[in-house]
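Order of writing sets the chain letters: A, B, C, D, E and F. Residues in each chain are counted from 1.
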Amino acid sequence: MRLPLSVAEERAGVLVEALPYIQAFRGAVVVVKYGGNAMVDAELAKAVAADVVLLRAVGLRPVVVHGGGPQISDLMERLGKVPEFRDGLRVTDAETVDIARMVLVGKVNRDIVSAINVHGPLAVGIAGEDAGLILASARHPDLGFVGDVAAVNPGIVHKLLAEDLIPVVSTIGSDAVGQAYNINADTVAGALAAALGAEKAIFLTDIAGLLTDLDDPASLVSRIDAAELDAMIESGGLSGGMIPKVAAAADAVRNGVGSAHLLDGRIPHVLLLELFSDEGIGTMITSGELELERVGA
Amino acid sequence: MRLPLSVAEERAGVLVEALPYIQAFRGAVVVVKYGGNAMVDAELAKAVAADVVLLRAVGLRPVVVHGGGPQISDLMERLGKVPEFRDGLRVTDAETVDIARMVLVGKVNRDIVSAINVHGPLAVGIAGEDAGLILASARHPDLGFVGDVAAVNPGIVHKLLAEDLIPVVSTIGSDAVGQAYNINADTVAGALAAALGAEKAIFLTDIAGLLTDLDDPASLVSRIDAAELDAMIESGGLSGGMIPKVAAAADAVRNGVGSAHLLDGRIPHVLLLELFSDEGIGTMITSGELELERVGA
Amino acid sequence: MRLPLSVAEERAGVLVEALPYIQAFRGAVVVVKYGGNAMVDAELAKAVAADVVLLRAVGLRPVVVHGGGPQISDLMERLGKVPEFRDGLRVTDAETVDIARMVLVGKVNRDIVSAINVHGPLAVGIAGEDAGLILASARHPDLGFVGDVAAVNPGIVHKLLAEDLIPVVSTIGSDAVGQAYNINADTVAGALAAALGAEKAIFLTDIAGLLTDLDDPASLVSRIDAAELDAMIESGGLSGGMIPKVAAAADAVRNGVGSAHLLDGRIPHVLLLELFSDEGIGTMITSGELELERVGA
Amino acid sequence: MRLPLSVAEERAGVLVEALPYIQAFRGAVVVVKYGGNAMVDAELAKAVAADVVLLRAVGLRPVVVHGGGPQISDLMERLGKVPEFRDGLRVTDAETVDIARMVLVGKVNRDIVSAINVHGPLAVGIAGEDAGLILASARHPDLGFVGDVAAVNPGIVHKLLAEDLIPVVSTIGSDAVGQAYNINADTVAGALAAALGAEKAIFLTDIAGLLTDLDDPASLVSRIDAAELDAMIESGGLSGGMIPKVAAAADAVRNGVGSAHLLDGRIPHVLLLELFSDEGIGTMITSGELELERVGA
Amino acid sequence: MRLPLSVAEERAGVLVEALPYIQAFRGAVVVVKYGGNAMVDAELAKAVAADVVLLRAVGLRPVVVHGGGPQISDLMERLGKVPEFRDGLRVTDAETVDIARMVLVGKVNRDIVSAINVHGPLAVGIAGEDAGLILASARHPDLGFVGDVAAVNPGIVHKLLAEDLIPVVSTIGSDAVGQAYNINADTVAGALAAALGAEKAIFLTDIAGLLTDLDDPASLVSRIDAAELDAMIESGGLSGGMIPKVAAAADAVRNGVGSAHLLDGRIPHVLLLELFSDEGIGTMITSGELELERVGA
Amino acid sequence: MRLPLSVAEERAGVLVEALPYIQAFRGAVVVVKYGGNAMVDAELAKAVAADVVLLRAVGLRPVVVHGGGPQISDLMERLGKVPEFRDGLRVTDAETVDIARMVLVGKVNRDIVSAINVHGPLAVGIAGEDAGLILASARHPDLGFVGDVAAVNPGIVHKLLAEDLIPVVSTIGSDAVGQAYNINADTVAGALAAALGAEKAIFLTDIAGLLTDLDDPASLVSRIDAAELDAMIESGGLSGGMIPKVAAAADAVRNGVGSAHLLDGRIPHVLLLELFSDEGIGTMITSGELELERVGA
């Protein structure tokens, strides 16, 4: 069946708008932090996997970073352990880090890799221990094996990208003697994006973006720079759960990432819409120093 | 301004449909025969130039072939010569081929090159004499320097494509001793597409495509193979002006070109719509031997 | 301190013997199946990791394959499940394959990667799902998600080796729709060695090699070919636990692997001794068709 | 037939003298400005084409630049336009630049390309518009579309040379919005030689070289530097027609071209004699800063 | 001083004739066997060295092969040994082959290398023992260490040529256990030319070429094929000293060398005259199967 | 036969110690100066040749430098000349340098090349004249053609090493006009090692190393730096024959060679023991500035 002319013109408009972005982003590294509902909802999970495959198809280099807090708590409970948190961080004894590692590397990572590889032999799951990707240090003695990112050695990710593969990264790091640590996934995503010199770090969440009033969708901030974000954190204007995410985003752009984005992972194909159209979606965080203009601006 | 959700979903649909074509056609050579109204209407001419630049931007390798019959007649008349045609072919004496060469190489080709190069230093105009691209032979003694394509040596086109340039080809050929001939542009487009191993040969015309009844737009043939086309020509079911075009299209697909297309050059961005959506536009001609399925089919 | 002359001569002898093997094996792929006591004894585990690093240091390309049956049973029991075996194979329901995957990919593999990476950023853990390495098929409906190797796509292993990395492979495979299966590690080691065109497949065990009488160390078979091994299996002369191992070894050499070896993983540095001296250790399995002579023979 | 010894010795002498130049000039870019009688005399035109082919055969990289003033005037007159000159420059309205472009690109360039390509598929004709080669600016409002060279982007010429092709350049340039300008060919030859980092810029003329007294062949200047040439122009010691040529030559050597030469195009094979023998021919212009010694000096 | 026109035309003629040969022979391997007067006459020796350097300068790949019979006899006599010949071959005991090796490798080869290297660091002297170039076998027990060419392994010569060096080859070979043999230099030159796939094998002698009557210079044979040469040898029409030379030449062309030449080394620059002019010099030997036409023929 | 366990452990120890050195020295250039008893004793000569081949086999790049004083004297005497020395240096007239060149290049070099090439086509003999390797200057008018190293142009050695060949260097140099000079081999070895940026310069001698008391083996100096060595020479604490050797060693390390070694060439496989074990053998000379620690230290 042939296309009616009115539809044709609309389509042509979308394409004329999208093609320059496809050209501009060719070869660009995009780190996608993946979690929340997008991971639990089976349909959304499939759609994200499909979008990541499409990004690679048109020449971008996506890197997926994932967390899995609820799944860790779940296995702990099945094994009779009671999760304990201080300031939002899980107290992590030796047995807990073993459980976290099994869940993240041996279950969540596997599920994402499998969802992508339904489209072809594309994804390879790795963790911070592989080829020394993430050197971890202990955050605080009371927290046990909760880690900070001491250093990122992105060689293995560059090598997998060079082979046209899609790295899927579990956020377990290890220290110099091989002890494993569990590290916040937003933090790893930001640090990895910086170490890779990524064009974009995208955080898929289950809210519309950065809201100045959580109850008012109209309070969405479309664009903000790192300094403004710092001021907002200091003023107490952000809910607790958003802080690691926006701090990671601000650090990423301050360390050379082109821009960071908080996107609503519940919108189907939100990755494509953000990357390939003139108006963005969700909240865009920039360094504030070097304003990257959109192609169509 | 952020994008409304309903628009977002529609856009996402266009992109999800288009991206696999962009991947599939990466690196593919597409020969675009350009003429008629699309050339004379200044707005359409700009739009075609812009589309050709977009095709290159997302990794295709467009090659433009052009004619210019009316412009040749015009200069002839200004020089006091009366154009004469036999069976639709211009009788071409030594002075006429000189005029045709000046008009095609020195005027029409230049205008197309300039329209493209407004977007950057991309286009390079060549003719069949350059680096021995088209070896011509005389069609008939009575017609003078009207040529047939004796051989195509596509080296120079491959070299320009390898340098990410857009070749714009005037259809003047020369014989072994350097005598110039004027050759039908549709014929050259088809033969060049075959010699290049092009994925597609696209003929931009000023009608909707192949119509079984010229007065009835609903009689548009969406898809036809080379054998059916031959039968239609033999049965006299085609108007004279369409014959060289469809014969060139049929020859191209018989000689290895993936598919040929007759498109209505008056539709804005018709090239993008044909290449990057599931439903095509105009008439698609296939070899009939190996049916190339659309990605989404 | 300078070296006494008598010691010097002995050392020189070892080196003169070893150097030609180092030259001959340069670039050779060696698959090392690792399990049993060598994995549980912390000192031996360290020594194996160190030897694998030395092999890579002098130019070989080691690939480690591991199992972990006891560790799977252990987590099952902690989660209140009773392991059940039929003909030596674990009955594997959906929950069990999930547990097996967590243990193998998320724990055993991690421990080996960490032990190697104490020496530098060398090892990368992968499983059969990564980049489509192992396509699995169900062995028998009654066994649930116990898999056979339907196909090996060794691309990702070649790519990691090309980057001078040490792949450590967990033996979880997946089918076309992404369902995970647990596969016997000896079988995977043999099939992977064949798919890689490996020079050697080495099975580290906790007995001296192939014994015709399990109670008599003097009954060790130094060298045997695939056909003799088949005869031995058919005659019932092998204990049950040895059968998958020797069958995997025989299949490997029949499919182009230079030789397979059953080595006693309890001997420190047994890998070096086997590879770099004129007399071998343990049992060598050859194809019987093309006898590969030792360098010094 | 065997060679008599006396002839043999003479030949050997020519070769012993020529071979070091052939070695020294291997890979060197030589811009040849071509016009005047050499272009109109059919035999000389053939000889120049043959020499250019020989230069390429032994490893030089010739680039041909041509003008065509008389041919432009001729077509203007046939179209009923009266050529008008101010200070030696043609007043160029829109119609005239269209005519100039047709004549230069569509006729003179074609004739040179055809003459070279009788020897093989070697020459490719381009103009300043192709791939943005020459950015033009208007010289003076009263002169219309008479251009100056605002910038040279020699990429397309380098690319054609890298493919072992011979670029033949028409001296039409265009400005940022695609408007065509006609530019003096001597000026383009000098600027292009400088932009290419050419070893030599050679101007074929129809006099013996630079004469201090036009009526006295013995007044030929063999060698002069750019500063002396400037002084000579200022002192009024040069006839009008020579000024653009010697100014272009002086500019070329001041901008890095090894040397410029005014040669008598009426001497058969004058290019070979200049390039491959110890004594030069015509007038050599040097920068005066870095005296390039001939190999045999 | 400027060139008179009459001289200029003559020179141009030589160049027009020579340039196509320079192009045609670019990269061609030319083996030059060097001996006789050309070696003993200091001026001629310098001229041959200079010509070999010129050949390399314009892109040929010369390989020099030399003998040195008189110099061997000379050192033998100084050491009190009496040279003894059977059928023209030197009886060569262990001491004699030691002397021959010292003279050829340690004196004659050195003198040629030094003469060439006055022009730059170009020549490298090698013998048949280096990198296994020439495997020798004993010709006859009575002759001692007089060798035949059992095999040529031209790798080292190819490697030196690839580095733009000029190999100078002494014709000492060695057998599998390292015993040295003295081999006829004409024989080595022919066999090496064949093994290298040389374009030409040139034998510099001290007569005009192949004469049917040694006392009549007019009896020079300009061109002959291998079969005719065999017939001439069988008919006894050749003097003894010429036989190894013409047999080597005939073998060379039969084994793939383009042509072989017997040239009079006493003519200055005879190499240049043979290679770069339409008429040859001396005697040309062809295979008779595939007649290689001269460029100008 | 299988290996007894106690022997196995000892062997494993040697290998565990050696493998890191093999890795560390991969690609390293090692210059071996060869002379004295090791050259005259046929068995030792074979063993040194074998060791050099083993070094290359495991990836080092050995370069052999040799002298041959006794052999020169021997031929001089056979030719009736009386060797004459001043301050330990041979007075060298034109005839003597001719003899030296024949002996070194045409005999000693050939013997070493042949001994190595029994193992394969590996060695290529060169002298300082080849490709301008060593530019020589006269040491003193009274000494005739006794040379100093004026400059080293190591290109030819690098090229041979790049082709995996073993250069064997005779220490004849030549001056700008091609005159040959005889140069001390220790001096050449040190200067060549420096010019090559060698990792080690090894001098094989026939004593245990540097002894402070020649009659007391216990006085062996294991390690010394260049400054200490200078002091020792100035204090007169070294026998005359040792001075050129230790001066060459000191110069080498001062010019960038990693370390120099005086080793006892009478110990079988002394090269392997020095290079591949934690304790060294003989005397190690370092620059004193940058202490290179042994791998195991």
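Simple rule for what comes next: a residue touches a chain if its C-beta (ideal position, glycine included) is under 8 Å from a C-beta of that chain, and two chains touch if they have at least 3 such contacts.
Not measured: the values here are computed from a predicted model.
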Give the pair among B-D, E-F or D-E whose set of contact pairs overlaps with that of C-F by over half, matching residues by number. D-E
Rounded to a whole Å, what is the gap between the Cα centroids of chain C and chain D? 73
Distance between chain A and chain F based on Cα centroids, please, to the nearest Å. 60
Residue list for chain B, restricted to those that touch at least two other chains: none
Check: ring from chain A, direction chain B, yields A, B, D, E, F, C
Which of the residues in chain E come into contact with chain D in the complex? 1-3, 5, 8-12, 14-16, 18-20, 22-23, 26, 50, 54, 57-59, 220, 222, 267-269, 272-273, 276-277, 279-281
Applying the document's contact rule, which stretches of chain A touch chain C when the two form their complex? 75, 78-79, 98, 101-107, 109-110, 113-115, 117-118, 120-127, 129-133, 153, 155-156, 159, 163, 165, 172, 174, 177-178, 180
